[in-house]
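Next come the structures, one after another.
There are two complexes below, and they share chain A, which is joined by chain B in the first and by chain C in the second.
Then we have the complex of A and B:
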């Protein structure tokens, strides 16, 4: 209750929370794009999503260690993670693509543990950060503070969204990806090399996450075990937005970021994540009821 | 499989078995003038950095003692040997390995693992087999409320970690003619037993001073963002902000307080050195208060290593880095055992345990004296302040080398 009073007495605090939430949501949106893509095209729920983000973070750290600006790690992380994703597809994922959903969940879960432990072995369990060299700017007499790196993440998320949309809509490969998503068997009959499409899709997903990870390293911290929250949040965003709904993913991600920040503020940090899960359950219940109603109309 | 092949196979197995037995017997023979200590430490997994420091601390102690003629018991001198296993940072594995050390390797004295969680898993095992364990890395208060008789800890327990910061804030308020009762405190502690123990200690002293707690957030272990808590801090403007959540909590707190330009007169955290906040955040880390078990500038000394500073130099020579307190307290655990062996004049575990209960000594790490529950009551925590990107001891007053800079200036003036 006290916390609610603060919001009434100092409305500007709400503005700060919304700004922070939207900017956090942008990074979540990037990871969720990738998950929606893989889920839609390959019918795989990719549990290893968060680990791609984590590896992208280590790319940024490597840049910082080498004396380069970690900002370069955003494109570099994308390129490197594309290779990682592509390789993982060729090694493991292609074996589970057309199989039961459960098998793909198990396989990607296994990969996520493997990548975590490898990262732990190679980079140690130390919590690390990369300094972007960007500063924070104050507005409204210092009442609103915005870190430039978060704005960068926001702009980047928008660009990735537009680029992805254009790519899927207009490029040859994009069309092949969409065709495969609609009906893989028919696409194969039409002469599309679906194996190649899958490999590219999975690589693309890893690349998007890698770029997000570089942004995470500059905004928060990086350690081998940071993946899971990103996996869970991207999963949630995709569930809420629905597959193949790119604008929906953006809205859901920004909404989730904001809701999470408000929950943390009002209920305390310990309920921040619990609140998100309650919200997920509520949305799912509401949707299934709406669907049931639609089914009744059809009957 | 042909008969001939089977014969060869059996012969090979027999030779390997014989060789193993020979080596084993040899090792046993060596044990005649060697004291074997056992330890499960985290060499892999999420505690691997601190686990490695623990192992370094143990090894440095053993090699120094062996160099200086070993442990003298009844006119005979014994060398120290430590058997290490990797507990993979998981409590279940730690308990298993403790059992293995005791039952298979015949170890009669155990050194502690890293972290309260692992110590909690191993203590019931050592208790069951009546094997004394001296540890330097399990600080949780709850370890000492179980009535364990074979567990001894050389470090200050968790509730003392940040008490000093609260008392320091009260002292500063009095100096400027302000009633400590008017001070407000914001707290954010990770939701794990260790950090919650620290919170209990802070609560106790805040209450005693009549301060008001305005924020009391429990950070979930998987949380990577403190923005919501810090937005509240900005709105409520408390006089003291206390944060603890291992290395991640320290890094997040310093980074986000700077990024969000949160102005708070006093910020006190734990795990500054393991999070390397100075190296990471440079001048943004200035003015932060950090709790520490030990500092190389303290004026303690002992016969094995000399002063705290001399210990630090020996450590630097051996491992090419300055010693974190996790290593120092591990070394102190070995020294405590050695002292007990020599006073017991025997290697009988019961006699050694009895000697441990009567420990009253000074080491480079601090004074060591156990109460009836086995925790060290003779050594205070110290509080650093980061001044000009260096750690300076500012409290308790007896050990302070620098004056506290208070209050922290606003971000627009830094």
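Then we have the complex of A and C:
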């Protein structure tokens, strides 16, 4: 607990952790919003989420290897992952959309293992990072260091979020997606091709994750097994925020990013992933307790 | 089938199981793993099949068992056999205690929240174990070597897992046939109604999880020694291999049936060994593919499919209007 003392004696360290956490949280927020979209529209909890992030990361690596700036991989990753998501929907997901939720969880879990192992075969298990060529800047006499790439990731994440929001609000397809989320059957009666809406929603989600993954590859590292923690983070954020609550998703994601950074600092980096999964269990139990209490009041 | 015929079949089956390691000494380790897989599928089915609580986290108790036993073997200073069996008992106790404590919180979750929550539990176990120096942290833990002569070790573990699987099966058959089985089936079909009928659902759910944990933890104690090296993420808390396989095997055979998980485990294990032999390097990719195919195209499993086609074989009255809602369980 020596690190706890550091936090008290050096408040500026806390500031550094919070800044990092908020910048991280923006990337988590867009991945979580994608998950909320699929969950709300298709009633599927998409365990492949994290693998889309991982594949987006490898797109950025491919750009870096080719000598191009990995910044271009943000749009490119989105386009490529859109195709991947769309193809996965047409091959597998459409068969589980209307089925039991557990079947869709298990099917997407299977897909996640499949993609993870494919990536392991194709890209090997090396931990790599896409060099963006950006530097870090220090503030307050070097007490606070902010990597430019993280700020850029924050801005990009914000842009993706705004674009997505505008798309859902104003475009024809966005309106169809929202109508399907409200009531798929009624939407079908009104002449909306829900199968097409599902395919586009799933592709869109993959595209968002692809962009997020490219940012992850520039900011931290990429390896084939990084998917599941991103899935769990997204799930947690959506559970805390509730479906269809964009401000809630943003607040929850920034909070999670900060909490995770504090935990990593206090407990040691080796426990950071453990913290995420323990937090998941704690949040779910807390939520069910709260619901049970509400039920008791109703009685 | 008459009673006599069933008795003959059982005798033949037991004799074949007892003789198998001597007849096929080349594949004895694979046969031992087959019993382990059967144990996995049977114990998963208590929760997932019979009670409708689809758990991805039973592997958590496997890991606890593996570590508890190995730590006792390492630190007790007793003879190998004594330390191993004490370790196994401690593993079972610790597994049951963990299930009872965690159950009060996690079993309050429903449907998909339980599935994801239990998945998180299993992975959290691996991550904590990977950071904990006392149990070897990320570099794992090796239980002491079996002291007997060459070849004895394989025989010992074969019969250990055979006995465990057999005891587990008989215990489950007895439990499913009685009040307990009816109660957990009622929870699967409609938990709120079962509660309204006066069933103490929380107690039944916790007991079911404890039974599951009891056998899985003992299997973990044995498996840690059988494999000879306990890696926190790839052996003890192997959520994406053993943890998913147990779900898959039960579903493949037909969840919610007594023999389904066993059938599923046998078929899955053989398939997996074939993958290892013929698709070396790509076997894990093939396994992921297999999961998707089974779940998407074959979710009712072999016995579930047979039950739909020939209900009279399962002692069910053929009623044209009846659906098979019970099979689907709680979502």
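The rule is short, and it goes like this: the second predicted complex is superposed on the first by the 264 of 299 C-alpha atoms of A that agree within 3 Å, B and C clash if a C-alpha of one lies under 4 Å from a C-alpha of the other, contacts with A are read in each partner's own complex, and residues count from 1 in each chain.
Convention: a residue touches a chain if its C-beta (ideal position, glycine included) is under 8 Å from a C-beta of that chain, and two chains touch if they have at least 3 such contacts.
Please read all numbers here as calculations on a predicted model, not as lab measurements.
> Contact-wise, after the overlay, does A:106 reach chain B, chain C, both or neither (first, second, both, neither)?
second
> Return first, second, both or neither, reflecting whether A:158 touches chain B, chain C, both chains, or no partner chain.
Neither partner.
> Tell me which partner A:121 touches in the superposition: chain B (first), chain C (second), both or neither.
After superposition on chain A, A:121 lies in contact with both partners, chain B and chain C.
> With the two complexes superposed on chain A, say which partner A:292 touches: chain B (first), chain C (second), both, or neither.
Second partner only, chain C.
> Which partner does A:270 contact after superposing on A: first (chain B), second (chain C), both, neither?
A:270 sits against chain B and chain C alike.
> In the overlaid three-chain picture, which partner chain does A:228 touch, first (chain B) or second (chain C), both, or neither?
A:228 contacts both chain B and chain C.
> For A:280, is the partner it touches chain B (first), chain C (second), both, or none of the two (neither)?
second
> If you lay the two complexes on top of each other, which residues of chain A touch chain B in one and chain C in the other?
117, 120-121, 228, 268, 270, 273
> Contact residues on chain A for chain B in the complex?
Touch residues, chain A against chain B: 3, 6, 10, 13, 16-17, 20, 24, 117, 120-121, 124-129, 131, 136, 138, 142, 145, 147, 216, 219-221, 223-226, 228-229, 260-265, 268-270, 272-273.
> Taking the complex as given, what residues does chain C use to touch chain A?
Residues of chain C touching chain A: 54, 56, 105-106, 108-113, 115-117, 119-121, 123-124, 127-128, 130-131, 137-138, 240, 244, 247-248, 251, 281-282, 284-285, 287-289, 291-292, 295-297, 299, 328-329, 331.
> For the complex, give me every residue of chain A touching chain C.
The contact residues of chain A facing chain C are 45, 92, 95-96, 99-103, 105-107, 109-118, 120-121, 228, 232, 235, 239, 268, 270-271, 273-274, 277-278, 280-281, 284-285, 287-289, 292.
> Once bound in the complex, which stretches of chain B touch chain A?
Spelled out, the residues of chain B in touch with chain A are 44-49, 89, 188, 191, 216-220, 222-229, 231-232, 234-236, 247-248, 251-252, 255-256, 258-261, 275-276, 280-281, 412.
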